[in-house]
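These notes concern the structure reproduced below.
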Amino acid sequence: MLGSCLNNVRTKSPLVHNITNYVTVNDVANAILAAGASPIMADEPDDAYEITAICNALNINIGTLNSRTIEAMFRAGHRASELGHALLLDPVGAGASTLRTDTAVKLMKEIKFDVIRGNASEIKTLVSGSGTTRGVDADKADAVSDSNLKFMAGFVRDFARSTGSVIALTGAVDLVADAEKCYAIRNGKPEMGRITGTGCMLSGITAAFIAAYPDNKLAACASAVCMMGLAGEIGYSHLQEGEGNSTYRNRIIDAIFNMTPETLERGAKYEIIG
Amino acid sequence: MLGSCLNNVRTKSPLVHNITNYVTVNDVANAILAAGASPIMADEPDDAYEITAICNALNINIGTLNSRTIEAMFRAGHRASELGHALLLDPVGAGASTLRTDTAVKLMKEIKFDVIRGNASEIKTLVSGSGTTRGVDADKADAVSDSNLKFMAGFVRDFARSTGSVIALTGAVDLVADAEKCYAIRNGKPEMGRITGTGCMLSGITAAFIAAYPDNKLAACASAVCMMGLAGEIGYSHLQEGEGNSTYRNRIIDAIFNMTPETLERGAKYEIIG
Amino acid sequence: MLGSCLNNVRTKSPLVHNITNYVTVNDVANAILAAGASPIMADEPDDAYEITAICNALNINIGTLNSRTIEAMFRAGHRASELGHALLLDPVGAGASTLRTDTAVKLMKEIKFDVIRGNASEIKTLVSGSGTTRGVDADKADAVSDSNLKFMAGFVRDFARSTGSVIALTGAVDLVADAEKCYAIRNGKPEMGRITGTGCMLSGITAAFIAAYPDNKLAACASAVCMMGLAGEIGYSHLQEGEGNSTYRNRIIDAIFNMTPETLERGAKYEIIG
């Protein structure tokens, strides 16, 4: 199942419109290409409105948002929604500032997203409508662990129910849930946190996976999350003496490029809760 | 000839002003440095107007354009034109949205570019004044192949004649033409299409080549195009097991860095048509 | 001493707010992570004002400035100043345009920076209030060398006295001075000049070092400068046949990632003048 999701991306090569931050945008583009899809970026409102219409998916990432790009997010978001495109929200830094929290909450209110993907602090902020986040990283107190796994799985299922979206709360353990079912995914390496943009890359890839397999968004999203974590493991295993986070970033994207459905099926580590 | 074009870049180290998209801007800067020239980026209209005056070339790339950067393109474009600087237009995504098509067409109307470099769909859009492009990639129906080579060579020569620019239509086969002569260049690897920014990098480098050899812009442009393709071949040959598009990007820039005039002369694969 | 400065960064992991150019922003983020700190980027004025409050340091880099980001620089700068955060100014391209020179001068007038880091041409521009810079690179005539070392050390000490900031003038020889003392640092490789962003990365890292060791800003700044140069040496020693500036960039960040306080102490090459 997870492998055939990747296979669909390779076969259909969806075109993903990204309105995303300028910090990690190049890695997002190369990660989407590595997965087998095509990226396009456009964030001037008029241009975004038109470009999104020729795409299959829209990935909205609010890192380094500004008044111009916020307008682009809403205009493209509404249009992509009307056209039935795959829609993903990455609420980068929600909880860290009023503008980020309010923008993410307003986007969620006006536009139905297929997937909302963030770290624990960002997702908690969206649930409560306000929050505190340490910059763009999750607060340690918010982390998913074995001791709170069942509780957190219930928490993301509830949020999935109230929003109608698949929720991907990613961290040491990743939780991917709809209203009924929650995947707890244990792929990945802690060292991925020392690279900027692994979350942003995952969001871009996930948008492609959803577009390529609209019939089962939960499985498509879980497949993307497993693949990103597994690429982190494979990339890490290729690191050589003296290499660090910059080369690691390249090796993760390389591992996505070389990922096969078989490798993904074999390497995915998850359990399904409830 | 092609080798001495590269030699000129290394000797004169032209300063290239880039108004370019934020997706691939870092790779453009490093590719220009690898070629032996110097990059500078400025896209606030007042700043761009002044910065362009101290440069030797202006590279205008309309990917991720917005109202502010469009104004900067026109102001810097007019000034660079008055000062006799090398001028290149990269119409990224022309045909994919009205704003992109119109901006590219208007830039061409108001400013005389030494080189216009794009994929087949973008160039066709500029010729007709409108078009349809699949995102930022060329439509397969527009590709240059052996079966339409003569026709396409005539097409780019005609466009070069009507614009007074050297036209570089790049793809599986690259066509570089002025009104009289067309180079058909067969360097490069299809895998370059799985990296974001190879076209943008080529545009930045080409601007430097034109600035360093203004007496023969056609040869300078052909030399840059051969070099980019050859760097793609050399970079590919250095790829190791498990490496993918992210490392490939680095190896291409590395290959430009290590390119010698002799390697370029020996590795360039082209024929001249008409 | 230099080693314990790095140790402090690793232990305290300061959060660095960066308002920086979009050319090198990804490398700045990964370099800050490699050093052991955390980056966040925000440049919409309202967002920057709020985000800076949850951080420990603010790194203002005026490359690719625009009217929106300039407003963010002032608003975040004033607030970070009120909150006693570590403050660094990187006057990229001061001397190359009126907007850049005036913005840097005005920032210096209104906000007290802990560190001002630039190349010789940029620093000379700030001293005189105007200047000429060849793009974003230092003019050769401005370079620090053995023949003018004492004079230049006096020059930066004077500027440090008049501004109350630590001045880091970086180039072939780096000078790091307060009003009393000047470090002349000889780490680094000339090939670092063929990579875009080594200066920007250093500024981001230096902001983290200052935040982690506010009691001795001079030593903290000197430690960051030595580490960056040493990472350039280590990264260079890891380069293999056929590798160039793109891979070199990765290896420098990797070397920062793997830097230990002991390696830094052992590898730092400096003398103290006056």
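Every chain is named by a letter (A, B and C) in the order it is written, and numbering of its residues begins at 1.
In this section, contacts are C-beta pairs under 8 Å (C-beta built on N, C-alpha and C of every residue); 3 or more make two chains touch, one makes a residue touch a chain.
Please read all numbers here as calculations on a predicted model, not as lab measurements.
Minimum number of contact steps separating chain A from chain C: 1. The pairing of chain A with chain B is characterised as different-residue: of all residue numbers used at this interface, under half are used by both copies.
Centre-to-centre spacing of chain A and chain B amounts to 33 Å, using the average Cα coordinate of each chain. Residue positions of chain C touching 2 or more other chains: 22, 26-27, 249-250.
Chain A contributes residues 21-24, 26-27, 63-67, 93, 96-100, 134-137, 194-197, 242-247, 249-250 to its touches with chain C in the complex. For chain B in complex with chain C, the touching residues are 15, 22, 25-27, 29-30, 33-34, 38-44, 46-47, 50-51, 54-55, 68, 234, 238, 249-258.
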